[in-house]
Amino acid sequence: MRVSEINVALIGTAFMGRAHGNAWRQVAAFCRPKRTPRLKVICGRDPGRTKAAARAFGWEEAATDWREVVRRPDIGIVDVCTPGDSHAEIAIAAARAGKAVLCEKPLANTVREAERMLAAAERAGVAHMVCHNFRRIPAVCLARQIIDEGRLGEIRHFRGAYLEDWLLNPAFPLVWRLDRKRAGSGSLGDIGSHVIDLARMLAGEIREVSGLTETFIRTRPLPGSPARKGRVTVDDAAVALVRFASGAVGSIEATRFAPGRKSQCSFEINGSRGSLAFDLERLNELQVYFESDPPALRGFRTILATEPIHPHMAPWWPPGHIIGWEHSFTHMVLDLLAAVADGTVPSPSFHDGVMNQRVLDAIGRSSASRRWARVKGVA
Amino acid sequence: MRVSEINVALIGTAFMGRAHGNAWRQVAAFCRPKRTPRLKVICGRDPGRTKAAARAFGWEEAATDWREVVRRPDIGIVDVCTPGDSHAEIAIAAARAGKAVLCEKPLANTVREAERMLAAAERAGVAHMVCHNFRRIPAVCLARQIIDEGRLGEIRHFRGAYLEDWLLNPAFPLVWRLDRKRAGSGSLGDIGSHVIDLARMLAGEIREVSGLTETFIRTRPLPGSPARKGRVTVDDAAVALVRFASGAVGSIEATRFAPGRKSQCSFEINGSRGSLAFDLERLNELQVYFESDPPALRGFRTILATEPIHPHMAPWWPPGHIIGWEHSFTHMVLDLLAAVADGTVPSPSFHDGVMNQRVLDAIGRSSASRRWARVKGVA
Amino acid sequence: MRVSEINVALIGTAFMGRAHGNAWRQVAAFCRPKRTPRLKVICGRDPGRTKAAARAFGWEEAATDWREVVRRPDIGIVDVCTPGDSHAEIAIAAARAGKAVLCEKPLANTVREAERMLAAAERAGVAHMVCHNFRRIPAVCLARQIIDEGRLGEIRHFRGAYLEDWLLNPAFPLVWRLDRKRAGSGSLGDIGSHVIDLARMLAGEIREVSGLTETFIRTRPLPGSPARKGRVTVDDAAVALVRFASGAVGSIEATRFAPGRKSQCSFEINGSRGSLAFDLERLNELQVYFESDPPALRGFRTILATEPIHPHMAPWWPPGHIIGWEHSFTHMVLDLLAAVADGTVPSPSFHDGVMNQRVLDAIGRSSASRRWARVKGVA
Amino acid sequence: MRVSEINVALIGTAFMGRAHGNAWRQVAAFCRPKRTPRLKVICGRDPGRTKAAARAFGWEEAATDWREVVRRPDIGIVDVCTPGDSHAEIAIAAARAGKAVLCEKPLANTVREAERMLAAAERAGVAHMVCHNFRRIPAVCLARQIIDEGRLGEIRHFRGAYLEDWLLNPAFPLVWRLDRKRAGSGSLGDIGSHVIDLARMLAGEIREVSGLTETFIRTRPLPGSPARKGRVTVDDAAVALVRFASGAVGSIEATRFAPGRKSQCSFEINGSRGSLAFDLERLNELQVYFESDPPALRGFRTILATEPIHPHMAPWWPPGHIIGWEHSFTHMVLDLLAAVADGTVPSPSFHDGVMNQRVLDAIGRSSASRRWARVKGVA
C-alpha cells in the first residue's frame, strides 16, 4: 500500500452500496483525491450477494460481520450504507475504532441517535460526514457560490419539494422503508431530509416549522405473502411551513404519490436581488435571475453547469456533455478524502446530520400537535 | 335596444375597469353571447378619466355617482371593479335594485361583508358572479374537464403559488394595495385568493389551514410625499398548508417578493391516476400526466390548449395562435350573459366569493394563533 | 369626423379580415395612434357574411364591390385581406386612388405582381405596408433591438422554421390554399414567407438559396364533392439553405405536416457575441445568450417580454400578463397610422413584400433546377 | 483468465481514450456482458501519459507501439480511439490479426479508407463496430423503438443539428481538429457525422444532399507559437438539405459557432402519425407526440427515459436518477461484447461507418459544385 493510499470498508450492498462503491472506484480514475482510496472490503449480511458486489466493483475482500470489519487496523474509512436503524451502532463503533466515517442519510432514525453519533465522532476526533450527496451536484454547488457572492441579496423565500411516485400502486408491498422501526419515517426522512439539507445549506438554519404528514394507503401486501396485508407505519407524504433563523420563510414537501414525478427534488430561492431554481431530474442545469441585469434583458437563465470552471466539473467531459446523478457521490468521497488528508471536518458533517434530524423531528412533533414546533438548538 | 340586448354599467376605470371594458366589448365581436351587452355607462370618481375610458372602449355614457347608476332602470348588469373596501356597498345596492352583479375579487375585505353580499344577492334573486377570471382560461377549463372525467383519479395533492416581484424595490410607494383598510390584506387577498379559487375549483373545499404571513419591508415612502414614510399594514407574502374536505393535502402561497416571477400563478395537482400542472405566464398550456399511458411512453405532455375543441377557443384563432390573459375576462362575461339569459346561478358565484374569503380569514387567524384554523362552513 | 380621424376600408371578411378588424378597433382603445382610425366600411363578396362582420366589429358600412370602395373619397386607408391572387389588382387600384394601403402577406403570388404593386404605390406616393405582423410581436421587436445594439456581434447563423400540422389528414379537402392559381404556392408562401421576413428583418438580405419542395399528399377530396378528388398543385413542405448578403448562412423551412406543431414559427440566430431564439407558440418570450456574461453564469435566459419597457407593451397589462397573437396586428396598424400621420414609409413596406417574393421565387427556381439560385436585386 | 473473459486493447489515451476506458471498466460493474472484458493493455505515443491512463482506469499494461499490440495473440478486441488519419491503418491491421474492432467515428477521413476498413473486417470475419455512441442513449433507443412499432407512421421530415460554440474565440489555437489532413473535415465530420448517423438510424438511408460549408475564421494562432498564425483548412459550419431513400426530406447542420450551445445535438422527426424530438444536453428525455391521443389531450410529452423498462436503463439507478453522456459508451461496449459472444455483426458496424462517410463526402462535393449530389450506393 502506497503511503497516499487509504483503505475503505463499505458496509451495505444494496442501492446505496452500489452508488458508494462506484464513487470510491471512480474518484481516482477521474479526479485527483488527496488520498487514494483502496477498495479493501465490502460487508453485507448475504455472503453470495456481497461477493458478487465485491467482484463487480473491485473490492478486495467480502465480509459478513461489520463488527470485525470496523475494528480492522488496516481500515481508514468506514462507509455506512445500511438501513437507518443500524447507522448509529455501526458509525459509533467505527468512530470509536478511530475510523473516518461516512454515513448515509438521514443520519439516524431519531435525534437522540444522531446526537450520540456526533458525540462519538467528535470524542474520537475522526472525520465524519453524512452523505447528503446533492450538495456535490455541480449546479447545486454553483447555487451556493452565487448566494455566497451575494448575488441573491438577502434570502426571503425557500420553496423545496421532493416528489416521487413509486408508491402509487396499492399492490406495492410493505417494504422496510414503510416500517417506522426500520426507516424512522417515510417520505419525510427518506427524501424530505434531502430538501431540508438543501434548505439549510442554501438558506441557513430552520428555526421553527408547522408540519403535516399523511398516509394515503394504510395497509399493503406483505413482501413474502402478498395475500396478507400489514400496516404502513410511516408517512406517504409530508408538507411543512418553515421559518428560518434569518427570518426567511419557506415550505418543504416530500411525497411518493406524485404521478409522473420520478425523482424530482426541486427548489426555488428568492432573495432581494435575484432568484434561483433547481430540479434534480435536470441536475446539470441551474436557473438564475438577477435584478442587476439591464431591465429589458432580465429573465431566468438556464446555466448548463458543465463547464470546466463549474464546481467539480473539470475532471469530467467537455462542456455540454452532461453527468449523471451518481457523479455526486464521487464528488462527496473526493471531498471526504481531502478532509481526511487535511485533518479538517468535512461538510456536511454529522453536525449537519443532527440538525437535519432535529428538523425532521420538529415536523413530526408539529404534525402531531397541530401547532408550530421549534427546532432544537436554533435560536 | 334590440330585445336580446342588455345594458351594462361598469363601476371603476382603473386596471380592472380596462380589463372588464375590453371583455364587454369583445364578447359580441368574437363569441355569440345569449344576451348582447350594450356598453351603456361607465362610472368613476374622476370625470375626465371616466370620459376618456368611455371613449376608448365605447361606453355610451360616463358617470361619477355610482348610486345613481346602479339604480337606473335601463341597466341590467352592474360590474364592480372598484377597490375592495367599496365592493359590499355597491354590490348590495345593485342587487337590491335588481341588477345582475359581477364583482371583482376578492369579493370583499372581510367574511362578514362577503356574506352580506351573498345574502343580498340571493334575497334579490339576481345573478351574482365573482370575477375569478382564471377559471375561464381554456387550459384551466381543460384541467377541470380532465378531473371531472376522472382521469386523475382521487386527488391527493394540490400545490399552488402566485409569485410576483413588483414590491422588491423598497422605494416603491405605499399605494392603496398596501393599506389594510382599503385592500383588506396584501398578497394574500390580492393574488392568494386566485390560488384559493383554483384550489376550490379543482380540488374541492378547504377544511383547515395552517398559515404564515410576513411583511418584509415595513415602511415605504408615501405616494404624495416620498420623503416621508408610512407603515405597510398588509402582508408581503403568505404561505399556508391546507387540508381539503376530501382529505387531500396541499400548500398555497402568495408573494410579491419573488424576483423574476412577474405574474406566475402556478399549480400542480396529483391524483391517484395522474397529474396536471399549469403556469399563468404560459396560460395557453396545460401539463398532464396519465398513469394509463403505456409504461414506456409515460411523460408529462404539454397540451397547447388552442384547438377549437378546447373550452372557449372555438371563436378565436386557428390552433397554435395563442390568446392572452385578457381573453379570460371575455369568457367570464360570456358565461355571465348566459346565466342571466337562462336564469341560472353563474359560477363562480358570490357563494364562491364567500368561501374564498373564509379561507383567507382562516389563514389570517392561523397566522396569528400559530395553530391550524378551521374554515367556516366546511365539515 | 374629427380632424385626427382617418377612415379605413377593409377588403376581406375571413380569417385575416377578423384579425385586422380587431386590430383597427383595439388600437384606439389601448394605444394612442397618431391618427384615430374610423371603421368606415368592410367589403366582402357575400353580403350576409359581410354585414355580420360589420356588426361584430363595428364597421359603419358593409359593401360588396371593392372597386367602388377603394375609390371613395372619404377613405384614407385600404386594408387588403383577400386571397393572394387579388392582392395586386386591389392594392394597385387603391394606391392609384391615393389611399394608404396595408396588404396581407405574401404581398402577391408572383414577383412580377409584387413589383407592380410597389411601383404603383411609389408612383402614387402613398403609404404602403405589407402585413408581416410577426415584426410587431414585442419579443421579436426586442430581438431586433438587441441585434441593433450590437449585442450579438456579427451574425453567422439563422435557423428558421414554420411548422404546422393541419394537412396531415388525407381526407382534408382541396381548399383554395392548395391551389397554385389562387395561393401562388403552398406552405412556402403561406408560412415560409413569415420566416423569410423574420430572416430579412433580423439578419439582412438573402443573396442565394438552395431549395427543395415536396408534396406528400398529391390528391385530395374536392371541397364540394368529397367523393371526387383533385390535384394538390402547391408544396406541402419546403426547405432551403440560404446565404445572406452578409456572409451568414442559414436554413428556412415551412411545412404543414409536422404533427404537434400547431403554429410553431421559430428561429435561432447565432452571432459572434451571442444568440437568440424565439417560438411563436410562446410569443411573449425571447431566449437570449450573451458571451459577455460572467463565464460561470452564462446561459440562455428567457425574457418574458411583458414589461412596460418592452416594445409595444406599455399600453397593455401589468408584467407577466401575457398578450396573444392578435395583438401583433394592433401594433401593425398603430405604426401604419403613425407613418400616415408623419408621411413616412412604414416598415415592412411593399419593398419588403417584393424582396420576400423574390426569395420565394428563388427557392421555387432552385427547387426545380436542383442548383443554387440567386435572389434578384441582392448583390 | 476465466473462459468468459476477453482481453481488450485500447489505442489512444485522450478524450475518447478516457470515455472508452471508463466504459470497458463500468460495463462489468453494472451490466451483465456476455463476455467479461479484461482491461489488458492501453497504448499511446507518450509513455508517461499512457502509464497514468493505465493506472487511472486499471489497464494491466501500458504500451507505445500499436503495431505490436494489435498483433498480440492474447488480445480479443482492439478499440481504436486515435485521430481520424490513423483509423484505417490500425483497424485494418487489427482486423487482419483477427481481432474484433471498435473504432471511433467518423470511421475514416475518406470514403476510400472507410471502404477498405469495411472490406478488411469482412474479409477477416471479425466483429466490427463504429462508435456512434448516441445510438446507445436510452432515449434514442426508445425513439427507434417507437418508430419500429409504427407509432410515427410514415416518416416525412428529419431535422437535425449539432451546435457547439468552442471555436467562437478567434484566439483559440489551430489544433489538429482544424487541420484537414489530420481530421478529414471540421464540424461536418466531427459532429455532423453524429447527426447523419442518427438520421440513418431513425429515418433510413440518405439518397442525395445539397450542402454548404463555411469557415468563419480562416487563420488562427499556431498551438506552439501563438504569435504566428496558420490556415484553418476545415469547415467551421456545414448545413445540408437531405433527401432520404424513403422520400422523406430533411436538413442536417453542424457548427462550432453557436454561442450558448455547448453540445446540443438535437433532432426532430415528423411522421404521418406523430413526432419525436431529442436534445443531447437533456439526453435522458425524449419528446413524443401521437396523433392517436384523444384530440383534446394531444401534446408533446416529455418521457424521462430512466425507467427500468427503458432500453439499457435496468442496470442503473431508480427512475428519475439520470445518467450522463458517458453511459452511452458503456452500452456500446456491452452490445459489442454480445455480438462477439454470439458471432453476430454489431450495429452500427463499419458498413454504417462507410455509409456515413459517403454522406459526408456527398455534402462536401455538393458544397463545391453548388448542386445536389448523390450518395454512393443508395438507390
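A, B, C and D are the chain letters, set down in written order, and residue numbers restart from 1 in every chain.
Heads up, the rule we're going with is that a contact is a pair of C-beta atoms (placed from the backbone, for glycine too) under 8 Å apart; a residue touches a chain by one contact, two chains touch by 3 or more.
Source: prediction; values computed, not measured.
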_Farthest chain from chain A, going by the mean of C-alpha atoms per chain?_
C
*Where are there more C-beta contacts: C-D or A-C?*
C-D
*asked:* So the centre of each chain is just the mean of its C-alpha atoms; given that, what is the distance between chain A and chain D in Å?
replied: 35
*Mean-CA-position distance for chain C and chain A (Å)*: 54
*In whole angstrom, how far does the Cα centroid of chain C sit from the Cα centroid of chain D?*
41
*Out of chain B, which residues touch more than one other chain, so two or more?*
261, 289, 298-300, 304, 307
_chain C-touching residues of chain A, taken from the complex the two chains share_ = 142, 145-146, 286, 288-289, 293, 295-304, 307, 309-310
_Residues of chain D that touch chain C when the two form their complex_ = 156-157, 159, 161, 163, 168, 210-212, 214, 216, 237, 239-241, 243, 247, 249-251, 253, 255, 257-261, 268, 270-275, 289-291, 298-300, 370-372
*Going by the contact rule at the top, pick out the chain C residues touching chain B in the complex.*
15, 19, 21-22, 25, 28-30, 56-58, 164, 166, 261-264, 280-284, 304, 306-307, 316-327
